[in-house]
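Shared between the two complexes below is chain A, which pairs with chain B and chain C, respectively.
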Partner chain A sequence: MSLLDETVSVPRRTMTLFFMIDTSGSMAGSKIGAVNDAVVNVLPMLDEISVTNPDAEIKVAALEFSTGCNWLYNEPKLANEFVWQDVQANGLTSLGAACEELENKLSRSKGFMQSASGSFAPAIILLSDGAPTDNYEAGLAKLKANNWFKSAIKVAIAIGDDADKEVLAKFTGTNEAVFTVHNIDALKQIIRVVAVTSSQIGSKSSTAGDTTKQDQVISEVQNAVDNIDGAEVATKVDGSSYSDDWD
Partner chain B sequence: MRCFDFHCQGESHKATDKMCQDYSYSHVDENGLAIAVVCDGHGGKHYFRSDVGARFATEIIANNVREFVNHIDETLLVGQPFTQQAAIQTEIDRQDFRKEKPVDMAFRQLFASIISQWQQRIERHAAENPLTEKENAQVEDQYKKEFLSGYKLEKIYGCTLMAYVQTPKYWFAFHLGDGKMISFDHEAQWKEPVLWDDRCFLNKTTSICDSDALNEFRYTYQGDGGFPVAIFLGSDGMDDSFGEETNLVNFYVKVAKSLVTDGYDATFADIKETLPVLSKRGSQDDMSIACVYDEVKLVDALPKFILWQIALTKASILAVNKKIMEAKDRRNRLEMAGDHTDKSKIELRYAQNDNDKGYAEKQQLVRKMDILLKEYNGDAFVPYYDEVGMAEKERVLVWKMEEHPFRVRLVWEEI
Partner chain C sequence: MSELRTGEKISLLNGGFVTIKKELGRGGQGIVYLVDLNGQPKALKWYHNMPDVSFYNNLANNVMNGAPSSAFLWPERISERQKGSFGYVMALRPQNYFEFGNFLLAKKSFKSFQAMMAAAMKICNGFMMLHRFGYSYQDLNDGNFFIDPDTGDVLICDNDNVMPQGEKSGIMGKARYMAPEIVAGGIPDKYSDRFSLSVILFMLFYANHPFEGAKVVACPCMTEAYEKKFYGSEAVFIYDPNNKTNLPVRGIHQNVIRRWPVMPAELRDTFIREFSPEMLKNPQSRMIEQNWGKLIASLRDKLVICPHCGEETFIDEAKPQCMNCGRDVDVRRRLKLGLRTLLLTNGTRLFIDYDNTPDARVAVNPQDRNMLLLQNLTKEKWTAETPSGKVKSVEPNEFMPVKHGIKVGFNAANKGEIIINNQ
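Let's look at the complex of A and B:
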């Protein structure tokens, strides 16, 4: 007789991938179009990782921020069920408000997270092309005290030279996890690489070691960036060989 | 009193040809002393001898608690009410200190002795067992250097630990690191007898290899006549397989019921068969379990265990009913609004999906409920019924997607 019959539940483990997308006015046009296209195209890839991965299923949540912030859906959804609604660019860059909102949802009682047993640390991808227009430091300080955030894989994509890379590095905890892109193709490619890599590494069983999942993601994305024309690790920005081209 | 324990290699460890790093032990002697121990060796590359560390910790704990029980002044524990002590490190973090009593000092000596003997044992093992061929090939150079120099040797052998000890007059339990200990009383009410340590979160855990390990032990004791009917110790591979804690508790209830209805041998055989399957379906991690139980009181508690499962299932059914009703309400509102924007269509699709998922979940829960009702009432049981999603025929919405499957351009028709 099996002890795992219909009366016993063994749910799949879960990893949630968060997109935090700057939808301020400066993103209007080709930048926001590229973001919309890239996320739509990466969702089936995340679904494939989720379906073929015995360790965990992948859920997706998306938070857009401009003058205030807004979740695309009020719960994380499985990658194959996430229907992307194109986001529009307009307004300011309320990164602080977005950090506070993310902090609210990175909890079990009032947010998106489940029991820590049975969950993997989330992966969070922040995309921005400018500098915060609100008091981001207060919001980020709250977020940095959150246990889920501390454990998360955090990567930021700086869209163009005007993005405040120092702020993005504060968000990720290291400037090595900030990647700058200078054109539409690079933006689309980096979103795919970061989302797929974070999901692949983040949703795998691993045990305590010296190489964190974030370090693994950074290493793999850095390797990939070498082959993307118009993308670079933000730490190399002083010696950037690219100039912005968003037409 | 009876006991059992079992540990096995996790699915991910099989895939990477890594040893089982869990270790377990249980024993009940003729004087009524019952001991259960589970130790979980760390899995990172740094901890390449944690399987040995976990085995040593288990053996040392078993020996030390025997000594402790044989030599402690019983009056320190007999008569004491149920008392939980957090890790001293937690008190330091909170700046909220308890006044240490003689019983606390006795426990502190026990824990210090365990750490000290474990340190000596791993140092001896390292001296007597140079790097193997396999270790030489697999271990990174920096860790090999540390091993050869004896620097941070405890990291290489690091593990978590938990133990339960029961005598005819009192019981105590202690825990360092993650994993879960669950106890049941005669009313089939469960709890985690030892306080949780918030520093154990996701894959981070406190450990015997920490420099302040002595301050990370948390423990519980009781000597006023109250004893658990059954207590289960499980490594984190167990609780990670079940997600929500009630799922883990439900599994232990299943084991407890099996001990009564199928007997010790059949249940233990099932445990040995189930844990590798559970690792594959769940956490992929090494699995270990140790249990001490009162076979007489467990028989009396059996109907209460089933009632607990029925109540849990009923609560789940009510939660699903609520989700179904909300999804229906949402769907009806959207249909009434007649809004044909993309956003509205997406929301309608989600409402229908949520509704469908709710129905599937409901059917599964009702099947589970009927099994439990039959267990409790016998063949004369009345199958579960309520008015949400059990009789009415649901409309089927067929969605067709245009262009990209993840794009928003959708058309739908009703059949």
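Let's look at the complex of A and C:
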């Protein structure tokens, strides 16, 4: 047998993409329906990115939070093994509890980051349409001290104007990484763009202006957002709330 | 973001237009469409967003100057600026070419070491010509190559960042392929191209990354800060003889562990030198493509068919054994060609020049199993002179005997002599 027949795949580091999904009561109806639909449809795209990527293997983990929080699987899964069970919306918005739970799992010894050939910093996508109902600050403070979280790509999607964008910006570390969507179509598109962009970023060439991977993701998502009706970067000036006063 | 519809016409600079047929694929920078140009199927890369004027002008210039060699899927035409963006036309990639990533993921495999050597030669030649044209590629990485696994023929794509040496495109490159000085914030140039080229060649030959060993695997989370260390300021070659902290790990870096000891010593020595701490710090002393070409030719001269198991093997002349079956290989029959020595065993193909096409084949004389023959696979006749001074011609497809002392003129530039060592 030729030596060439013994060739095995190069080892790849794992990049885990975390979805943190607000499933509180206010998400009920078309919002949660759109989230379910968008994630189901993005999984095959993530699978394709993973199987054709010699740099990184992409895995997916999902945490839903309402009155409590719950992992959809108790380990990160390859996209083609991740069977999405539609999440249901009811209850409160325990973002603090969700942050603590994520913090627990961002660990090699006791958590999700156990890949034999190592990991890349994860990408974390937080989706919410409201404001936390628990003491989120304590949970977020713990999470922010976690080294995996510190170097993660963090993006938040604010669904509608009731989402507390300040809280989301505290989570991502910058309000440039908070994207607001105003309709169901925009929500679906932005989930796709953020998930795909975050998964591809480790295997792309960087340009001189980009300082971090998070910056790269933000600038690519911003470009895409400009072409999605009903989506905007949180930092954009919004004059709509003042128009009544000046009639 | 700008997308095009089927049937839409895109006007080209200097006249004419292409018609959009369908989308072939999309990436971060743009979308590639199948288009029709005067009845010819071509590919159009269409940018998502309008790049700046200098990028456009540079690309237009590259179109005008033409491809440095046949290895490049070079921009053939550039569109006018329209619909908020622009694009360029190139040849379609044939079906039998696959991205280098497929080889790294072991989804595709070279049919033979001969094909692997041909790929290495074509890549080196391509970049030699590119640099000779005064360009630098700037963003050389595993995503730039399409390779035919059977023949090793290569097509180099993504030629839109190609710039005159010394000018910046703004691109830095891809992590794991960037030269240490670029990781540290430098500007890509032909010297950093040469580092990336040596990484690509290492991965082509050994199917693992030259800087990813024990030290790198031990890092649980590859952050940007660690990337800067492991591929920049603290890069350690996995087989650095003076620093064993980053050796390949059994069970993880299987390919290089298997191949490193059996591939030729001169290849090992070259990588040990090119990836030494001194060379990493001295971009200008990195090996030039022409010398890579000579090295690959020399490896190919020692790549023979094992008479026992029929597999290809590289021969270490100090210990001529098959790297597959371990048995001794009789390599007393040789062709001396200037400074080169080509080993002759039954079934081996010879590459006299660097064009990747075999020029001769070694066969056994059916009347005398102990006598080897050389078949002329070129389109020109050879002229042979026997030790007694008789001159014979060997027409295309004809055979000549492998006998000590026969001098062969393959063409005006290449004259060799057959040597049988025990005579």
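Just so we're on the same page, the second predicted complex is superposed on the first by the 214 of 247 C-alpha atoms of A that agree within 3 Å, B and C clash if a C-alpha of one lies under 4 Å from a C-alpha of the other, contacts with A are read in each partner's own complex, and residues count from 1 in each chain.
Just so it is clear, a contact is a pair of C-beta atoms (placed from the backbone, for glycine too) under 8 Å apart; a residue touches a chain by one contact, two chains touch by 3 or more.
Model, not experiment: these values are computed from the prediction.
> For A:L43, select first, second, both or neither according to whether it touches chain B, chain C, the two together, or no partner.
The answer is first: A:L43 touches chain B but not chain C.
> Tell me which partner A:F82 touches in the superposition: chain B (first), chain C (second), both or neither.
The first partner, chain B, only.
> Report for A:D162: first if it touches chain B alone, second if chain C alone, otherwise both or neither.
So A:D162 meets neither chain B nor chain C here.
> With the two complexes superposed on chain A, say which partner A:M113 touches: chain B (first), chain C (second), both, or neither.
Touch partner of A:M113: chain C, not chain B.
> If we overlay the two complexes on their shared chain A, which of chain B and chain C does A:Q200 touch? Say first, second, both or neither.
second
> Just checking: does A:N223 make contact with chain B only, chain C only, both, or neither of them? Give me first, second, both or neither.
second
> From the superposed pair, tell me which chain A residues show up as contacts to chain B and also as contacts to chain C.
1-11, 13, 54-55, 116-121, 147, 151, 205-209
> With touch defined as at the start, can you tell me which chain A residues reach chain B in the complex?
Answer in residue numbers: 1-11, 13-14, 40, 43-44, 54-55, 73, 81-86, 114-121, 147, 151, 205-211.
> Using the touch definition from the top, list the residues of chain C that touch chain A in their complex.
The touching residues are 1, 28, 48-49, 99-102, 104-107, 109-113, 116, 139, 141-143, 168, 170-176, 203, 207-209, 212, 216-217, 219-225, 252-255, 258-259, 262, 311-312, 323-324.
> Could you please specify the touching residues of chain A with respect to chain C in the complex?
Residues 1-11, 13, 51-55, 108, 113, 116-121, 147-148, 151, 197, 200, 202-209, 212-213, 220, 223-224, 226-227.
> Any idea which chain B residues touch chain A in the complex?
11-12, 42-47, 180, 198, 201-205, 236, 239-245, 247-248, 250-251, 254-255, 258, 262, 266, 270-271, 273-274, 277-278, 280-285, 309, 342-343, 346, 349-350, 353, 364, 367-368, 371-372, 404-408, 410
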